[in-house]
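There are structures below to look over.
Each of the next two complexes has chain A plus one more chain, namely chain B in the first and chain C in the second.
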Partner chain A sequence: MKVDIESLGTFNKLAHEGAEAATASLTQMTGIDATVDVTKITLVNREEVGEELEGRNFAGVQFGFAGALEGETVLLFDAESVGTITDALMPGMDESMAESGVKEIGNIMMSGFIDGWADYLEATIDHSPPAYIEGAGSSVIPEPPTDAEYDQAFVFKSEIEWVGESVNFYIYMLPEYDPLAGLMADHAANQDDAIPIDKLGVFNQMTTQGTEKAADNVEMMTGIPTESEVSRISFAPIEDVPKQIGDDTYVGTVVEFTGVPSGFLMVLFDEQSAVNVAEALMPTESPGEGLTDQHKSAIEELGNIMTSGFVDGWANVLQTSVEHTPPKLVHDMGRSIMDPLAAQVGQHQEHAFIIDSEMKTDEIDFRSEIHALPNEQELRQALEDLRVDRADETDADVEKIFEQ
Partner chain B sequence: MKVYDGSQSGQTTQAKPERVKVGIAEYEVTTDGAALTTSGLGSCIGVALHDPQANAAGLVHVMLPNAEGKEGSRAKFADTGVEALVEAMEAAGANRSSMVAKLAGGSDMLDFSANGATIGSRNATQVKETLESFSIPIEGEDVGGDHGRSLRLESVTGDLVIKSANREENRI
Partner chain C sequence: MPDVLIADDSEFMRNLLREILEEDHNIVGEVENGVEAVEVYKEQHPDLVMMDIVMPIRDGIDATDEIKSSNPDANVIMCTSVGQEEKMKEAVRAGADGYITKPFQKPSVMEAIKDVVPS
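Moving on, here comes the complex of A and B:
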C-alpha cells in the first residue's frame, strides 16, 4: 500500500471539516464559541497513542463506526470543562446530570463528525450509540486496532479551542488499517508521489532510534539516566505546523540539516528544564537568578550533541550523509521559534511532515522535545532510496538495519 | 471568517466575545469592541486595520510574501491576506479611505536563507506595498529584529499591543 501526499492532504482536510461540523453543533447548542485549532494525522506506535493526555482527567463519549471506514472514535472534554459545557447547555443543571449532558452533546457533535466523512467519501458509515467514558490520561483512548503486520496506528486528532476559555477538547479517530489503506489508495491522485506506507513506519522507528541516541548523549554528558519517551510522525497543513508547540517560552537550539532529506531540527527545553539540566552540566553553581548566560551556553552544547545523535541515527539507516549547521541558540515563545522554519519549508510545499519526540529523566525535573521538519520531496526520495538500496532489509525490521 | 457584529446575540444570553483569536493564515473583523489577538509571530506578520468612524477593526496573520498562484487560504500570504482583510472590513461597514494600518512581526530569527532577503523582511515589504496600493496609511510598526511577538489589537482605540518573551510590552 502506498499513500500519496495528496491523499494525506485530502484526509487531513476531511478530518478538519468533520471537526468543524462537530464544533458548529456545539456552538449552536450552547452558544459557546469554539474554533478548531489543530488537525493532524499522526502515525504513532501503538502503545504511545494518547501519551499527550497524561496527567489530566477527561470525560466524553466513544463510538464504534463501520462501513467505508471502521474503527473507534472518541470525543474528550477536559474534566474541568464538563461543568461549563453542561451548564451552557442547561443552566442550573444538577451535577449528577453532567453525564447525560456530555452524552447528549457528544452524540450530536460526533454525528456531525462522522457524517462529514461519509458525505465526502460518498459512502455509508454507521456508528454505534455513544458510550459515556471518563478516566485519566490515555486510558480514555480506545485500544488502537490490532494488526499483526504493523506496529503503528494512524490517529486523526483534532484539538478544539474554546474561545475565551483556556480549555481544549479533543477528537481522536482510530481507523482499522485495511479499510483506511484501501480508501487512501482510492483517493491517491498520483502514484509517483506515493510513499509506501511501511516505509513511513520505518521512518518512524528511525526517529525513535535517533531520539534514543540523543538521549544516550544526554546521559553521557550529564550522567543522568535519560529515556526517550514518545516519537511520532505527523502530517499537517504548513500553517498548522507552528501550533504543534505551545506558546510558553522555550530555550534550545535550531539547526538546518542538509543532505537527503534536508530540513530543520529543533531541540527545545521549557525554561525550568533548561535551568535544571544546565545546572547538572556545570561544575559550579551558576551565580544569578533564573536562566543565565552560563545556562544558555550549556544548553547550546547539549543541543549540539543531541542534534548530532539524532541526525546520526537517521544517516545510519538511510546510508546517506546528513550534515547540519552549527546550532543557533533560541530563547523565545515556542510558536515563534517554529514559525520561521515552517515559513521557509512552506515556500515549496503545502503540507509538512513533522517528526516529534520527547525525552525525560526521573532524576531531575527535565523534559526535552525534538522536532524535525524535513523537506517533503526529499523525505520521499530518502524513503524511495531506502527501498532500492536496502530492499532486503526494509521489511520493517529496523533492528536489523541498525545492526551494522 | 467570522464577523462579530452582534447579530447572532438574539439566540443566547451569552456575552459577546471579549477576545477573538486569529490563527496563522486567518483573519477576523470585529465591530463590537472585541480584542483581536494572535500569537507566536516569528517571520509571520500581523496586520491590523482600524476604521474609527465605522468602529471596525480587523487583524490578519500572514505567513509568506505572495500567493503567486499557490494554493492555500488568501490569509496565508501577505498580498492576498491584506486584500482579504480590506474587503472584510468593507463588508463590515468600514471604508478604505478612513482605514489606518499597523503592523508587527517579520522577525529575521532563525532564517537560514543563504542569500537574499529573509522571509520576514520580504513579508514586511509586501505588506507595505499592498497597503500602499489601497492608499491605507501605516500609523505604526514594530517589525524585524530577532525575537518573536504576540499581538492584541484593542479594536475600540486601534491600539496594537506587542508582547515578546524577554522584553517590555510595546504599544503602538
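Moving on, here comes the complex of A and C:
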C-alpha cells in the first residue's frame, strides 16, 4: 500500500484545520485566546504513544469515532489550567459542574475537529458521547487500536498554545491503521511521489535500533546505563519543524549527512545533561563552572559517535554508505538550532519527515534527543530501495570484511 | 617502543588514545585532519597510524590511500565511529590494516594493534 506526499500533506492539513476549528470553539466559549502551534502525523510504536506527556497531569475528554474513519480521539488540558478554563466558561463552578463543563467544552471542540474530516471525505463520521478523563502522563491516552499485523500506530497530534500563557492543550487522534492507510492510498493524487507505507514502518523500526545503538555507545563511553526511550517518524509542514524542539537551550552537535538519504542530524542535550554526561566521560573533573571547553570537546565526540550509531544501521540495511560531516558544536535555543536547517531543507520541499529519538538514564540527570531531517525525495528513494528482508542487518561484520 | 601517529579531529579522542597508548608506545604526533596525517607520516615514518575517518579538510580513507601508496608497508588502523559495511570495504580498498569502532576500550585497541604490529 502506498501513500503520496500530497495526501499525507492533505491529511495533516485536515488535522490542523480541525484543531483550529476546535480552538476557535474554545475561544468563542471562554474568551481564551489560543492558537494551534504544531500539527503532525506520527508513526510510533504502540507502547510509546504519549510518552512525551510523562511527568504532567491532565484532564480532558475522550471519545470514539466510527464511519469513514475509525478510532479514538482525546483532548487534553494541563490539569492546572482546567480551573482557569472552567472559570472563564462560568465563574465559581463546583467540582462536578467543572467536570461537566470540561466535557461540554471538549465535546464542542472535538466535533469541530472531526467535522472537517467528514466533509473532506464526503462521508459521515459518528462519535460516541464524550467521557471525562483525568490522569498522569501517557495513561490519559487511550490504547491505540489493536491490529495484529502492525506494532506501530499513526497518531495525529496538535499542540495548542494559550497566547501569553505557558499552557498547552493537546489533541490526539488515533485512527485504526488499515482504514486510515486505505483512505490515504485512495486519496493519493500522484503515484510518482508515493511512499510504500509498510516500508515506512520498517524504516521506523530501523530507527529504533539506531537509537538503541546510540544509547549503547553512551553507556560504553560513560559507564552509565542508558536506555533508548522513544523513537518515531513524523510528518509536518516544513515551517512547523523548528517549533517542535521549542525554546529550551540545548548543547549538542549538528552534522550534515549525504547519500541516500541526505539531510541533517542533531544530537542535543539540555545544558545540565551536557555537563553531567561530559563529566562522566572525562577521567578527571573539569576545572571551572558550568559548561567548559573540555565539556564541549567531550560532547562533540559523543555526538559524533552517537550520530554514527544512529545512521550506520540505515547504511548497512540499504547496502549503501551515508557520509557525514565532522560534528559542529551547537549551544543555543532548540528552535534557533533547527531554523537554518529547516530553511535549507525547505528550499526543495514543503513538508518534512522528522525522525525523533530520546534516551535517558536514571543514574544521573541525563536526557538526550536525536533529530534527523532527511531530504524527502531521497528518503522516498531509500524506502523504495529498502529490502524488508534485510531490516535486521543493521550491524556490519568488520572481521569478515577484513578477512576477505 | 613502536612509534604511533594519532589522527583524529576530536581533542577528546586524541587524549583518550594517548592515555591508552603512551605506556607501551611512543606517540610521535597528534594531528587533526588527513592532510596533516599524510605530512607527519612522511616526515616521521611511524610504525603505526591510528586514523579516524570523518575529519575535516581530508578524510581518513583518502589519507590512508596516499600513505599506503607511498609506502605499502605502512601500518594503518582505522579508529572511527563509522560502522558501515560499505565504509569498511572502502577502508580495505584504501589499504587499511585494521578497523576499530568507537567507542572502544583499551583491550580492543591493544588487540587490534597486536594483530597489525606484532611485537
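Please note the rule applied: the second predicted complex is superposed on the first by the 384 of 404 C-alpha atoms of A that agree within 3 Å, B and C clash if a C-alpha of one lies under 4 Å from a C-alpha of the other, contacts with A are read in each partner's own complex, and residues count from 1 in each chain.
Keep this in mind: a contact is a pair of C-beta atoms (placed from the backbone, for glycine too) under 8 Å apart; a residue touches a chain by one contact, two chains touch by 3 or more.
No experiment lies behind these values; they were computed from the predicted model shown.
Asks: Considering only touches as defined above, state whether A:110 meets chain B (first), chain C (second), both or neither.
Replies: neither
Asks: So in the superposed three-chain picture, is A:242 touching just chain B, just chain C, both, or none of them (first/second/both/neither)?
Replies: The first partner, chain B, only.
Asks: Contacts for A:15 in the overlay, against chain B (first) and chain C (second): which applies, first, second, both or neither?
Replies: A:15: touches no partner chain.
Asks: Is A:331 in contact with chain B, with chain C, with both, or with neither (first, second, both, neither)?
Replies: first
Asks: So, does A:283 touch the first partner chain B, the second partner chain C, both, or neither?
Replies: A:283: touches chain C, not chain B.
Asks: Would you sort A:305 into first (chain B), second (chain C), both or neither based on which partner it touches?
Replies: second
Asks: Per the contact definition in the header, classify A:346: touching chain B only (first), chain C only (second), both, or neither.
Replies: So A:346 only meets chain B here.
Asks: Applying the document's definition of touch, where does A:256 land relative to chain B and chain C: first, second, both, or neither?
Replies: Only chain B; A:256 stays clear of chain C.
Asks: By the touch definition at the top of the document, which applies to A:217: first (chain B), second (chain C), both, or neither?
Replies: Once the two structures are laid over each other on A, A:217 reaches chain C alone.
Asks: Overlap the chain B and chain C contact sets on chain A and report the shared residues.
Replies: 325
Asks: Note which residues of chain A are touching chain B in the complex, please.
Replies: 31-33, 35, 37, 88, 161, 163-164, 237-240, 242-243, 247, 249, 254, 256, 264, 325, 328, 330-344, 346-347, 350
Asks: Please name which positions on chain B make contact with chain A in the complex.
Replies: On the chain B side, the touching residues are 11-14, 17-21, 23-25, 39-44, 63-64, 70-73, 76, 107, 109-113, 119-120, 147-150, 164-166.
Asks: Any idea which chain C residues touch chain A in the complex?
Replies: Chain C residues touching chain A: 9-13, 19, 54-56, 80-90, 92, 98-99, 101-103, 105.
Asks: Going by the contact rule set out above, which residues of chain A touch chain C in the complex?
Replies: Touch list, chain A to chain C: 217, 220-221, 281, 283, 294, 297-298, 300-301, 304-305, 307-309, 312, 315-316, 319-326, 395-398, 401-402, 404.
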